[in-house]
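Both complexes shown next keep subunit A, but they swap its partner, so subunit B is in the first and subunit C is in the second.
Entry: the complex of A and B
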């Protein structure tokens, strides 16, 4: 049964996954080429001052990419369930509705994590070619809040798409947006270093919200 | 005989709009049960309640012995459900959807599914979203048949189907149900199709059940009488004798469960003088309209 649900989710999101990986690799390539250009055209000391002293993040173009991918992914995954109330098909399967929702969103989160891993590995490779290990390390820690935000954005979008009531959709948006915004407030390196664990734990708590529209759909909010 | 579905004092309303009050009915094992009613009488509401997608305002429904709003996965596996409009995963192909569903049901009968698909002449990699409504209905029916459920719940299977596909659907359904002794609970807005298939039926009127009995008994006991009234045109009342009535000028039609003699006597007792009194035979659709009214 789990395999079958994986199969269904894969059919819905395969092109999004393909596009997301291409997008991530494309932006990484751009960052790599851009950095190469900087080092070719400028003295290393000037590059250092520009990127390190003036705190210009050479990978800032990535900032909203994971969140954007998360939105598209959640829409691709859950809109087909809502069109013609197809979620009733899923909830009529001989499989626990809670497990179904958790599995479906778990699959989405795996893709969000895949994109995060690609970006982290890519940034590590690019950074280690041009900077000392400390700078590369700091770049990875600096992008972590953006990646964490993509997880929360995925959960928020999923809950908003899944819930049939506009009242609840607005409630979810009001609930999630301040937290998501707070993950994009950096002005330099490593600013979230000491609060990341707390943010991560809160993100996990937000994961429970995804069960709520599923429960409402299954237990009688259908008109 | 064992009841597969049992609804007790079922009441449902959407906000202030009462759909029905104190509905009681049961469906016996092995029967094909139809729920007939005009649009907005609560047919789909009843199915949503039976499948646990809607919690009734009050009352209880039991499906295969479990409360309908709390059906376990094991019980759901014993129920084949066809949604209004033949809703299915349209992003899948004919083969993919079979592969998906086959993992959930231990008695999966892929021969039944592909047997039906082969009749359509579509390739197995045909995407369902590119199929006509009729073809999609066969995919949905094939999936339910392959599931081999004890109980089939079919919500307006005829929606969007032309006469040919409706016949095809019914032919396959009758053959499958009779051969495998299944219980069916179905609704349709095409009443004439149901005449050849359903054993028992309830006819739903506004907020209540108008009638529950075997279709053969309904057709045998429900009569349509025509007559012309002479003189003043009377307003008849709906009571034990007159189930419904209508008139165009002095041409009256009375629908009744009483025999010709009793109806004539009834009219005479009320001082209504009539001529050319005769009975007109009805099929199920006419009888349904006769009972529920045209409006």
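Entry: the complex of A and C
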């Protein structure tokens, strides 16, 4: 049964996964080429000083990419389930409703994490090529809130798509956005050093938000 | 059961989001500007002058209660407004035997600011060591940055690799002076936009303060006599052609010192009540006085000393802090807490829950009452089955009430 769910999910999201990996690699390439250009056209020391003292993030173009991918992924994964309420077929399978829905999100989360790992590895390679270790390290830590946001965005979007009523979809969006937006407030590097743990702990709650819309779907709630 | 728990996860997330969003919205509508007074010491009347801003109009006062026009006010502050005074042709020839001219004032003035945010900002400590006795007039960026922790290491930006020859020379120079690695703290003024370079002040493991710079390509390293038991928290270096002091030093207990050119001897500045975490500090040097000002959200203190740093006079202006406004009390009654994500004393992003105290009980009771009435009469819910909803409202007032009323419980399995 697990294998079958994996296969079903893969059929829905394979093109999105392919596109997401391509997008992540594309943006990393852009960052690398952009830096290469900077170092070629300017005195390298001034480039260093610019990024260290002015706290400009040379990877800021990545900011919303993981969250964007997460939204597309969740839509690709859960919209087909909503067409003609196909998802309700799952409830007739000899497999627990909770387990199957968590397995589906789990598969999506793996993809979100895959994108995160690609971006982190890419930033580590680019950073160590052009900058002292301190700067590379700061880039990896600075993007963590954006990556955490992509996880919460994925889980939030899944819940929004899965709920049977538009009223609740809008309410979820209103109720999740201010918290998620809090992960995009930085102006420079390393600014979430002291609060990321707190944001992470609150984000854990997103792990189970999808069960309630799933339950409402099964019950056919229209409120 | 799982779905029920999931609903609570949504409700708690909604509560947190609302505690960010609703107070922000409230202050977007009800905030008003709060213009702190400017305070100066007039060398003409030997007393403090200050401004008051009421409804956008600025008034100019002295301590005796006299008011002035803007021009008269500026005329009493020649060391601050000398360009205007010169334009009006009223710049005095001398003040207390000091011959006044634009150039003489400029040569004898200096200004340093230490903001609270300097103590709460992430900064990658990789700095350029300038050639401090170059043959050329302007300072130039070297090709390397250096880090100092377990040793000093220079990194060449062209190759992104360490320059061992340079690192070795400076390591020996530091160890010869008795520097004990790892370094604890480094302060400098790493910009070429200054008249000359004084390098860096570095604190070693034994709390000794070392002065390090590059002279003709070679290390210049001095172990200063700055006491090791000061508990130094911060040093601001600011080169100025007056060459009276290298910069300001702040200790953990909020004492403020000047590091002078006289063999690094410290001069303590009078700054009682200064708090580095919440206050900005300004230090002015003019031809005949020294002024230290420090302020937070409800008071500003201005201390004036003579050139030997003996206090002449002190003036503190108070105003109503935002937390004491009626509209803040209303906010506190409405909102039991809010999540603070940013504030002006730090560059770090926060996640701080601020509780608004007992006054919030008013809002909580109203929210709780409204929730019970709506649940009973409109939704016709069984209160016992979802008693946890009421607990959430009891703890979070309006936020929880909105969350549990809008995300309604289902008939559970």
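As a working rule, the second predicted complex is superposed on the first by the 219 of 223 C-alpha atoms of A that agree within 3 Å, B and C clash if a C-alpha of one lies under 4 Å from a C-alpha of the other, contacts with A are read in each partner's own complex, and residues count from 1 in each chain.
In the analysis below, contacts are C-beta pairs under 8 Å (C-beta built on N, C-alpha and C of every residue); 3 or more make two chains touch, one makes a residue touch a chain.
Quick caveat: nothing in here was measured; it's all calculated off a predicted structure.
Novice: Does the subunit A-based superposition show subunit B and subunit C clashing or fitting?
Specialist: fit
Novice: With both complexes superposed on chain A, which partner does A:91 reach: first (subunit B), second (subunit C), both or neither?
Specialist: first
Novice: Classify the contacts of A:171 with the two partner chains as first (subunit B alone), second (subunit C alone), both, or neither.
Specialist: The answer is second: A:171 touches subunit C but not subunit B.
Novice: Check the residue A:3 against both partner chains and state whether it touches subunit B (first), subunit C (second), both, or neither.
Specialist: A:3: touches subunit B, not subunit C.
Novice: When the two structures are overlaid on chain A, which partner does A:110 contact: first (subunit B), second (subunit C), both, or neither?
Specialist: neither
Novice: Please tell me which partner, subunit B or subunit C, touches more residues of subunit A.
Specialist: Residues of subunit A touched, subunit B against subunit C: more for C.
Novice: So, does A:12 touch the first partner subunit B, the second partner subunit C, both, or neither?
Specialist: Only subunit B is touched by A:12; subunit C is not.
Novice: I want to verify one number. Taking the Cα centroids, what angle sits at subunit A between subunit B and subunit C, in steps of 10 degrees?
Specialist: The C-alpha centres give an angle of about 140 degrees at subunit A.
Novice: Does the superposition put A:33 against subunit B (first), subunit C (second), both, or neither?
Specialist: In the superposition, A:33 touches no partner, neither subunit B nor subunit C.
Novice: Just subunit B (first), just subunit C (second), both, or neither: which does A:210 touch?
Specialist: A:210 sits against subunit C, while subunit B stays out of touch.
Novice: In the superposition described above, what is the shortest C-alpha distance between subunit B and subunit C in Å? Please give a whole number.
Specialist: It is 7 Å, taken between the nearest C-alpha atoms.
Novice: Could you list which residues of subunit A make contact with subunit B in one structure and with subunit C in the other?
Specialist: Looking at subunit A, the two contact sets intersect at 219, 223.
Novice: Touching residues of subunit B toward subunit A in the complex: what are they?
Specialist: Listed in rising order, the residues are 14, 48, 51-55, 69, 73-74, 76-77, 79, 81, 83, 85, 87-92, 96, 99-101, 103-105.
Novice: Taking the touch rule as given, give the residues of subunit A at its contact with subunit C in the complex, in rising order.
Specialist: Residues 43-49, 52-53, 98, 129-132, 134-135, 138, 145, 159, 168, 171-172, 174-179, 182, 185-195, 198-199, 202, 205-212, 214-216, 219, 221, 223.
Novice: Show me the residue ranges of subunit C that touch subunit A in the complex, using the header's touch definition.
Specialist: 2-3, 5-7, 9-10, 12-14, 16-18, 20-21, 122, 124-126, 128, 141-145, 147, 155, 157-158, 160, 190-191, 339, 341-342, 347-351, 403, 406-408, 410-411
Novice: Residues of subunit A touching subunit B in their complex?
Specialist: 1, 3-4, 7-8, 11-12, 80, 84-86, 88-89, 91-96, 217-220, 222-223
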